[in-house]
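First chain written, first letter: the chains are A, B, C and D, and each begins at residue 1.
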Amino acid sequence: MAKSPYERLLRQLVIANRVLARHGVVDSYGHVSIRHPDHPDRFVMSRARAPELITEDDFQTYSLAGDELNGDDRKPYSERFIHAGVYEVRPEVLAVCHNHSPSVIPFGTTNLKLRPIFHMAGGIGSDVPVWDIADEFGEGTDLLVSNVAMGRSLARTLGPRPVALMRGHGSVVAATSVPNVVSVAFYMEQNARLATLAEIMGKGDVHYLSDAEARATGEAQLLPNSAQRAWEAWCAQVGMSEDD
Amino acid sequence: MAKSPYERLLRQLVIANRVLARHGVVDSYGHVSIRHPDHPDRFVMSRARAPELITEDDFQTYSLAGDELNGDDRKPYSERFIHAGVYEVRPEVLAVCHNHSPSVIPFGTTNLKLRPIFHMAGGIGSDVPVWDIADEFGEGTDLLVSNVAMGRSLARTLGPRPVALMRGHGSVVAATSVPNVVSVAFYMEQNARLATLAEIMGKGDVHYLSDAEARATGEAQLLPNSAQRAWEAWCAQVGMSEDD
Amino acid sequence: MAKSPYERLLRQLVIANRVLARHGVVDSYGHVSIRHPDHPDRFVMSRARAPELITEDDFQTYSLAGDELNGDDRKPYSERFIHAGVYEVRPEVLAVCHNHSPSVIPFGTTNLKLRPIFHMAGGIGSDVPVWDIADEFGEGTDLLVSNVAMGRSLARTLGPRPVALMRGHGSVVAATSVPNVVSVAFYMEQNARLATLAEIMGKGDVHYLSDAEARATGEAQLLPNSAQRAWEAWCAQVGMSEDD
Amino acid sequence: MAKSPYERLLRQLVIANRVLARHGVVDSYGHVSIRHPDHPDRFVMSRARAPELITEDDFQTYSLAGDELNGDDRKPYSERFIHAGVYEVRPEVLAVCHNHSPSVIPFGTTNLKLRPIFHMAGGIGSDVPVWDIADEFGEGTDLLVSNVAMGRSLARTLGPRPVALMRGHGSVVAATSVPNVVSVAFYMEQNARLATLAEIMGKGDVHYLSDAEARATGEAQLLPNSAQRAWEAWCAQVGMSEDD
């Protein structure tokens, strides 16, 4: 029996978790969510579980206040408020990823700005802000975005952008589809690694993409045809597809 | 037939060795031990064997003087005194890992202190001391902690902390459970790698976790629920579980 | 039934795509082509598809203007003009690779020149130019070489050399056989990584190969006997051979 | 039927090639040899073949002048003279490895000396010389050690030491057994990587092992019991043993 569009979307979400885990973009604590296609004021993500193990059975549905809506009492991610905060103020966003992508950590903890150094990372945009939880919530938190106020604070820093770094923690990525949120997160990690090397080797004299180039390459990266090409390979790597 | 709690604990110890080997935190010479649950003055670890090969058949039981207690004459790790020294003075410690975790080596051999740069490594604490065997035992040793006096010296430097580096050698990690000792060792390696890049890129101007943040994130990292999430994924990676 | 020489060549092209993907030299968007053996004014490459998935069924044949010649209407790589531009002016070139080889990105975006630091990379030559699309096409492109004029511009910068970097994008490699184009691309990536470390560690005082050494090692690298040795191993890694 | 000691030694040599290839210490062009146990003026190594593919059928026997002695006309490694040169003047040496171990390349091409930074690499010794082929053979060679005179020149630079680097090329490692030559080559690669990071991060102020520590740790590393522990794990990694 053919899958429904929603079932295919949930399958994409499983695949996204597996792919990002396989490439080290999420560790055991990152997560990916989708906005519910029929209820824009809800989002869907796994219960608290390592991304590489997630299946369709793990998904839960939340309100934008982070409340589970179907009486599923399995432990949720304490940081679901990251997703809630973004979906609340960004109606065009359909997929969100929170990660501890390793190579971005140095950018969140030094004065260097993360900028796109090659065209595959245009999707991160040319202005990647850093949110520091201490600015609003003090220097003694556990850095987790564990309530609505924190999620909203982070979403304010993110603003209309695709990516915000989180100091000493990781990043949040917002996109209009599951393949795109994976693509931006995947290439942000690689971009951060290469920019780090270029910054050190070039002693700070690095030719990043211009703002216009970042915009144009970002659009090209996220065209359906383009994202689909990588998505097809990623599905093969984890041995899954939307049709399984 | 259901496993006894002690059999499950030994299974955890096998898994811990495999996981840390798989992620390059221990090489062929690192080791993980547990305090014996019924005899607090004893600890259990493998005979001298590469961690990736260890099974339940390899375990031996030692006194806090490092003597094997069951007449098992297979060659033990010469560095079992690291473990003995820690268990002797830290009654709350139930698991110890000694490793040559690669990325921490530069921190043990330069003037830079290893500090938590992101919340996943709060568990290493904000004060990671470096033990130099030469300070007490001279500049001509083979760097191995091969007797009681050396183990006690290292334990004195460790003090009440979760981690001590060993100059030109590696580190020792002390925790209250097997999943927690794996978690701290795993994220210490990643933290060291990222802190190295941040230090170089940021020319020494790096925003580490504050002491209060290190404390709060360390507590969060080691909550049973949190450690369990990564542990479940690690078990799957090595194809083992406590129930096997 | 024995394969024809052309069928074996297409098999080589499949293998080349798989090998370069496996070693991270091409990501989901790089490509390898061959000049058609019977029609020197045509070249053969896959339709737009991730290299790790390519099979013989994906190949299309193009004119040097980048037009598909067999009525195959599957979407082609938008950057086929890179290949067209090189084949047009370099009659001895029989294979071309375009990639986003990660370690070369820092060299295309800083003032440091990529030079061969060890004999396995003599094949990149001692003068590796950097093509900046902005020089001729302005600072607002998406960096893609998506028409004949851009392909010709890149080919002019390449000139008679084996390699040109593309600022903020990747590189193009031209060679006289499929194994050779793989060898040069493979060792260029490694060379760039090692040269980066040497530049940083040596503070700019690095002993690269002399011009004469680069020439001699480049010739040695590309002797059929030499390239074949690596090719045999690469085939085994991807589980394929020309005889399959 | 039980294997003869010589058959077991050849099996070790197969395993050594596979292990070093698996860990990236040799690429498609490195090689490992043994001195013939019954004919000290002969040595045994594979015909020219990628190490990861070698089986017992590939071995050839050479005189110390590099001549094949059994009428086997398959193409030999052109650099067999590296091995010949070392065996000629180092009667205690029973195994030799030539490699392009990536992380040592920066040390052969800058002014920084490679020194042991941790105890697992004591086996490289505290004085690692760099041989530059250009010193004796001019600045236009292909860097290959392709005749007796070059092999002897390299052996003179090596002198009584376990390791010599080769500028712009790689290194040669000499040891008294196959497991030991693998151990020294394996940990030299790791040591070089860590020393590079420490040098950059510590701005040149790095606490290497003292000479006495290098001597003591080198001896400890190469004790049969110690080398055997890693060897057992390496055999498992490549799915082979001396008893196969």
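Note that in this section a residue touches a chain if its C-beta (ideal position, glycine included) is under 8 Å from a C-beta of that chain, and two chains touch if they have at least 3 such contacts.
All of these numbers come straight from a predicted model, not from anything done at the bench.
Asks: Could you tell me which chains are in contact with subunit A and with subunit C alike?
Replies: Touches both subunit A and subunit C: nothing.
Asks: For the identical-sequence pair subunit A and subunit B, what's the CA-based rotation angle in degrees, nearest 5?
Replies: The two chains, subunit A and subunit B, differ by a rotation of 90 degrees.
Asks: Taking CA centroids for every chain, report which one is farthest away from subunit A.
Replies: Following the centroid criterion, the farthest chain would be D.
Asks: With over half of the numbers shared counting as same, classify the subunit B/subunit D interface as same or different.
Replies: Under half shared, hence different.
Asks: List the centre-to-centre spacing of subunit C and subunit D in whole Å, with centres computed as mean CA coordinates.
Replies: Spacing between the chain centres: roughly 32 Å.
Asks: From the C-alpha centre of subunit A to that of subunit D, how far is it in Å?
Replies: Distance between chain centres, rounded to whole Å: 45 Å.
Asks: Of all the residues in subunit A, which ones touch at least 2 other chains?
Replies: 200
Asks: Determine which chains touch and list them pairwise.
Replies: A-B, A-C, B-D, C-D
Asks: Which residues of subunit C touch subunit A once you look at their complex with the stated criterion?
Replies: Subunit C reaches subunit A through residues 21, 27-29, 48-50, 52-53, 75, 100, 102-103, 105-106, 109-112, 134, 139-144, 167-170, 196, 199-200.
Asks: For a test of understanding, state which residues of subunit B touch subunit A in their complex under the given definition.
Replies: 117-120, 122, 190, 193-194, 197-198, 200-202, 205-210, 212-213, 215-217, 219-220, 225-226, 229-230, 232-234, 236-237
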